[in-house]
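Naming follows writing order (A, B, C and D), and every chain is counted from residue 1.
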Amino acid sequence: MQHVLWLIPFLPVLGFAVLVVFGHRMGRRTIAVIGAAPAGAAAAVAIATAVSFLVAPPATHAYDQVMWTWFRIGAFAPRIAFHLDPLSLVMTLVVTFVGFLILLYSTRFMRGDEGYRRFFAYMDLFIASMLILVLAGDFLFLLVGWEGVGLSSFLLIGFWYRERANGAAARKAFIVTRVGDTALLVGLLLIFTKLGTLDIQGAMAAAQSQWAQGAAVATAAALLLMGGAIGKSAQLPLQTWLPDAMAGPTPVSALIHAATMVTAGVYLIARTHVLFELSPTARLVVAVIGAATLLYAGVSALAQNDIKRALAYSTISQIGYMFLALGVAAWSAAVFHFLTHAFFKALLFLSAGLVIKAMDEEHDIRKMGGLRRDIPVVFRLFLIGAAALSALPLVTAGFFSKDLIVDLALTSVHGGVWLWLAGVVGALLTSLYSFRLVFLVFFGERRGSAPVATRFPRLVVWPMVALAAGSVVLGWIELPVHWHGWSLFTDFMASALPVPGIRAGGLLDAIAVTLIPAIVSVAGVYLAWVLFGRRRPAVAGSLVTRPGFRWLAGAALAGWGFDRLYHVALVRPFLWLAHHGQRDWIDRLVSGIAGPAAALGGLLRRTQDGRLRYYLAAAALGIVVFVAVGLLR
Amino acid sequence: MSLVFLLAIPFAGGIVAWVAARWSAAACRWVALASAVAGLGLAVGLWAQHYHMWGAAVPSRSIYVEPVPFFSELDVPWIPQAGIRLHLAADGLSLVMLMLTFVIVAVAVLASWRGVRRRAGLFHFMLLWAAASLAGVFMAFDLFLFYFFFELMLIPFFLLVVLWGHEGRRRAAIKFFIYTQAGGLLMLISIVGLYFIHGRQTGTYTFDYLQLVNSGISGWTGRLLMLGFFAAFAVKLPAVPLHGWLPDAHSQANTAGSVLLAGLLIKVGAYGFLRFLIPLFPQAASDIRYIAMGLGVAGILYGAVMAFSQTDLKRMVAYTSVSHMGFVLLGVFAWNQIALQGVILQIVCHAFSTGGLFILAGVLEERLGTRDIGGMGGLWARLSTLGGFGMFLVMAALGLPGLGNFVAESLILLGTFSVSRPAAIVGSLGLIVSTIYALWLVQRVFHGPGGESKPGTPARLAPREILMFVVAIVVLLWLGLYPQTLIRTTDAATGSLLRTAPAMQSPEPGSSATEAQP
Amino acid sequence: MSAVDPVYALGLAGVLFVLGLLGVLVRRNIIFVLASIEIMVNAAGLAFLAAGARWGQADGQVMFVFILAMAAAEVAVGLALALRIRRRFNTLDVDDLRKLKD
Amino acid sequence: MSDAHLLVLSPYIALAATAVVVMLTTAFYHRHLLLAGLTATGLAATFACVLVAGAEDRRATALLRMNDVSLYFIGLLVVVALAVVALSYGYLGRTERRFGDFYTLLTLGALGGAVLAASAHFASLFLGLEVLSVSLYGLIAYPRRRPQAVEAAFKYLVLAAVTSAMLLFGMALVYAVSGTMLLDKVASAGAGLAGWEAAAYKAGLALVFAGVGFKLALVPFHMWTPDVYQGGPAPVIAFLAAASKAAVFVVLLQSLAPLDPQRGGVLVVVLSVVAYASMLAGNLLALFQQNLKRLLAYSSIAQLGYLVVAVVSSGAAGGARGAGTVAVAFYLTIYALALLAAFGVIAVLAHAEGEPEALSQYRGLGHRRPALALVLSVSLLSLAGMPLTAGFIGKFFIFRAGAGAAQWGLLVVFALTSAMSLYYYLRVIITMYRLEVAPYAAALATSPGGMSAGRRAADRVAVAALVLLTASTLLLGVYPPVLLRLIEHAASVFR
């Protein structure tokens, strides 16, 4: 199966090309087929590869396929090469499978839109770039996927380009991620200069052998790569673009800004885990950023009134969890949470999409309510998603993956109590805001106008059911550590990602580790019921009115002022510089010498006023000067 | 002998085109196109003939002892009284530039197929005269002959801007002419100074490049002579403080003029740095290496910020050239194999991406009647194919990986990193700033609420317009995915250039790594 | 035989020369300008005579003869032009000749 | 006077004979074609004599020194005179009725210039200068009906007279002190003097330099140039600008040649200052000039500044003497060609009421008279030093001479000012190729229509002369060794 790897990314590229070149002559049905089919085919190929990988695992635990040498200058010869190891396999499966489902969903969801062809072309471009990103064997080739994903997210966020605000959101997304990409590029420069190669596996092996544990250069390289990851995965401090990215169509938000692209950072850090093992400080920074982000995003999600922005903040928070896992060297736990998160977050977004369509493009949850009876199917699906998100014990996949992270945050050799505490508080916040959404949207009496559409076509619902099944069942492949059950996922990933050391803890630790997060998530649900469920009890009302709380809610709503900070600190000076510099000061300075020349010319010309006697006077003066010079020298 | 034909074909073609204009404008256009394509054919023939010779790993031999990587030289005395010879030669680098010249001229002829009505004959004569003098510059291996073509180029470009430009053309043309001429004359002082100093040192008074190379003039005289060359090439490149002429000239020239200016004229500056400045004065060049790299980085950032703030589409694209050429300056003074290959790749890719953007601006101006991007917007709805091409070209200018510009810029940054880390890091900031102006261009021109196009202009793109864009796209994709053909062509040339300037030699990135190569 | 020391003769010629130069600069009437020019030229002639006398060569006097001829030619043309100026501009004031200027 | 002497002096004899014959025929048969023809044949004969004369550095009588350099410049003078005759044939036909005196004065002027070019003695210097000046007074004032001509002539006369008086007084002082009047001895005679004699000698040299400076219109003495160029008739001004400056320059060159650099230190410094001032003033004054003739006047001041750079380079310590002379000879030739062509175009466009001076009158000339526009463009580009024109090679040789003598300061100012000069040269070219036609120029275009066949023939001669000048400028630009071989041989005199 080695030599079929190139087919996986090639099919969506083919779809993109066909749609771009021949798209305008196709009907809606053919566009839908050509748009969705490649993702499905790629999924099929991926599954086939997975099967052959599991049945007859290759000796090196990875499939490698070199297409051609990109170019060769002296010793530097980067290659267009694919590398499939368990990590890439999981990523590929998720991208293709979830991508296919979302494309199926959007064939009907986007039916009314006039940019139908453009939508599917961009989605195919995105899937192709994401696949290149996860399958690339060479850092430069990875960059092709990395920026391709950035480009397609820019195109899709700004899909409804007539609206200037969407364009601004798209630009903001691409520019902020580009800041991260620059850090990544500088990291690659450092790696190449020090290790002489940009082949990922080669570089990692060379790093292992040449760099000492905790070496400054390893830390620098790791931090730079982390910079790129933070930009793409919208972690602190580069997270301001994701909430605005909700300006794009909902399937886009589901696929790109929930399931796949935003986790590219997690993949990158997992892929280069050798660097992070070499420098504990870098790993600690990742953990701290993860913890801080999950708390920050959790609180912000609580205050959002737009259903999609709430989910966006929730995504940032969940990726915070993955960064936390990476920070404590629980590599496979992070990937596992990525897997489950992809399913239930996509489900939440798709159902939110249906809710918005039902409420005639209304995003504000304060104008919704009591939709339980109007759109029961969507309600149940949303409920499953929300449950998985808040990791209700045993019933949902979220429980297994998130609690594994919280568990390892404490018990891992590199873990810490503070990190664990952040995880637990985060769990509380997560269940609080997810069920706040459920109660405000589906329970209580109807606040806004009546729902417009209540029945949805099968092609829209079936993919969501599949996702729902995934977000329930998937958890069981990895039982919590202390259950001493099977851990299929970690074993499968062992060849690509090392298993973290576990600190020996007593029975008390075991109980604390497993029970507390479960209790906390259920408590969160009850608290949400108390605050938002029943018909406006006095407690909730009084809480809101107190001034301190109102300021807190306002700040949370605005994402803690990061946006305003960046605007004042960076955007405004840049605009001021550009505005005042429009007339190119340096050019005016340099070609300014023409001014005095002209003035001098004008002055001299006044001496030519036609009077003969002045000419003679000048000549006489000249003589006097010459004679004087002659005499003196 | 075939090198002379590379000069003769465009000159003769120009005259025939001018004469043919008597009968019909179309005739002179076809003649012009034919001569450009013929020149290209000859250049490609030469390239194919010598392609197998290169690529072999050139072992490091002493300077110019091994067979000089030049070929089919012409060496005839021109002004014996002053020791000036008509010395034409070409190596991999010159050949790449020659092929680029003829392709861009052919595209320029296509670009002005409809645009130029008045005096079409004279227009094509100027176009081909410019092509001939450019070809001359890239083949001249006698310093005076190089200066002769360097100055000869000015007149056709000046007239192209003056006679067929837009409203502010006269002031812009004169500014362009004086900037370049002042730089050129300072270079003449250096050339003649070098001629005498080398003559006194070695007794042979000559302008021949091969003998003057690495003449080992160090100290302040070397630096002053080098500064003369630096002035001329920094104006041409353009490097930041001396770039004033570029935005005016580019925005006032017509489409073909801008394509030629952006595609070829500024490349002479880059070629001059590679071929003349550093090999002739290695010691002096290494003295100012970090200042020059600083200028390069300043160019990258300043050009990008200025591009963002423009309201005239052509001025905006012109400033992007300032930014991209900042990378070239950075790469040239990093002076190792990777950086030089990056510079050559950047030269070629920039010609196509910026040339394409100027053609786009020209097409837009025909249809919208204005260059002010305030009045544009919402074009995607009306001309989606043009939107597609425009998006591709903007992404190329942005340095999107998978396209030629990305490979070039990353090679330059890779090469620079091992020489000066801060320069590479600040240089890579250029990626962010170029994203800002590129997306700003897309936002104002393609997206946003729709403006309306001039009545009577064709809504769909004409086939020749599509052909031009397709040429640019194919080349950018080809150089993005498989640049090895270009790199192999210039491999021997860059190798010999590196050997000519040992004083400038910098560590090859990656070579410092021990042999733990997988 | 040179009774007079050449320095005095040259001194006198110098004084005459400067007077002529001042005359040209100060006087506004064309006739006086031409007259002052004559003075300057004759001063030069006197200087030549003194020089010739000092070295006892005839060259000085030969030059003086040439100078006389030249002075005559110049003044003749000058006066002719003065007549044309009087008829054309009906003025003899040098400062009125100001049509040709920047 | 052996026959060899006669052969050496044959050019002068031919010139003088032509002058006399033309003067006589004017009295009897006053027909324009005859007079012009006679003058042309006379000049052609002189040119033949120059070719034959081929002297080796012989001193013909005390006054003249006939060597290849002086013969070369006499040849140049005669060619310039021939061109002026061709140009003025048409010009006079349109504007005047009396022709004879013009050609007499022109030939006499040429004779004066020739004497000046070969002069080795104060007397011949003075005589040549005066014959040339007096004939120029007459030529400048020739167009009777135009008031500017009279004003220009008078200004030129007064200034020339004053400066020739200075020249004379300077010569007298030098003679009084050094006892010799031979140029090559004078330059080196100042060594053994002391006290008042040394002072007198230096003052004398300064005064001589003033006289020469005036004729070359170098900076302190340049103020007359624009007025005279504007007022005088175009062919005469061409002769004035090209011939008289060339002749005077040769004297400067010949007398500076034997100068040993140490002694000449002060003179080189003075010349450098004058060069700087001329280059800057000439270009700055011309920047915003709206009158073409005044613009050409200012540009000629700047061009002379460039020439002085070459002279300084050849005179300065360590200067490659040969390189300097070659540079001067070559640049003078192409400067003469360019100015002749420029003023020739003005002459051809002139008609009874006057000459087209304001730039606005040249708007759209490129479309109405493309040939003339091309001639003017090529001459301006040659003055600007653009490739393909002889000016490019000329400028290069000055650079080469300057670099040889390590005159870096002069070269940098030379480079920057000639870059600045592009501004006004290009403005003229742009004006000619603009589209909209100025009202006056429109009238201009139609005027030649009504002329008689004879007059139109005269024009054709002038245009032929212009085309020949332009062709030679382009030829020298592409393949300069044609002229360089000739000059190289002449310059060998100084090796």
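Rule of thumb we're sticking to: contacts are C-beta pairs under 8 Å (C-beta built on N, C-alpha and C of every residue); 3 or more make two chains touch, one makes a residue touch a chain.
All values reported here derive from a predicted model rather than from experimental measurement.
With centres computed from CA atoms alone, B is the chain lying nearest the middle of all the protein shown. Centre-to-centre separation of subunit C and subunit D, using mean CA positions: 26 Å. Look at where the CA atoms of subunit B average out and do the same for subunit C: the two points lie 66 Å apart. In whole angstrom, the spacing between the mean C-alpha positions of subunit B and subunit D is 43.
For the pair subunit A and subunit B, the distance between mean C-alpha positions equals 38 Å. In subunit C, the positions touching at least two other chains are 21, 24, 94, 97, 99-102. Shared interface positions of subunit B, i.e. residues touching 2 or more other chains, are not present. Subunit A has residues 605, 608, 610, 612, 616 in contact with two or more other chains. Which chains touch which is summed up as A-B, A-C, A-D, B-D, C-D. Subunit B meets subunit D in the complex at residues 78-82, 144, 148-149, 151-152, 154-155, 158-159, 162-163, 170, 173-174, 177-178, 181-182, 185-186, 188-189, 192-193, 195-196, 224. Touching subunit D in their complex are the following residues of subunit C: 6-7, 10, 13-14, 17, 20-21, 24, 30, 33, 37, 40-41, 43-45, 47-48, 50-52, 54-55, 57, 59-60, 62-63, 66-67, 70, 73-74, 77-78, 81-82, 84-85, 88-89, 94, 97, 99-102. Interface of subunit D with subunit A (complex): residues 154-155, 158-159, 162-163, 166, 199, 202-203, 205-207, 209-210, 213-214, 219-221, 223-224, 226-227, 265-266, 269-270, 281, 284-289, 420.
Against subunit B, in their complex, subunit D makes its touches with residues 326, 381, 386-388, 392-393, 395-397, 399-400, 402-404, 408, 411-412, 414-416, 418-420, 422-423, 426-427, 430, 433, 479-481, 484-485, 488. Per the touch definition, subunit A reaches subunit D in the complex via residues 597-598, 600-602, 604-605, 607-608, 610, 612, 614-616, 618-619, 621-623, 625-627, 629-631, 633.
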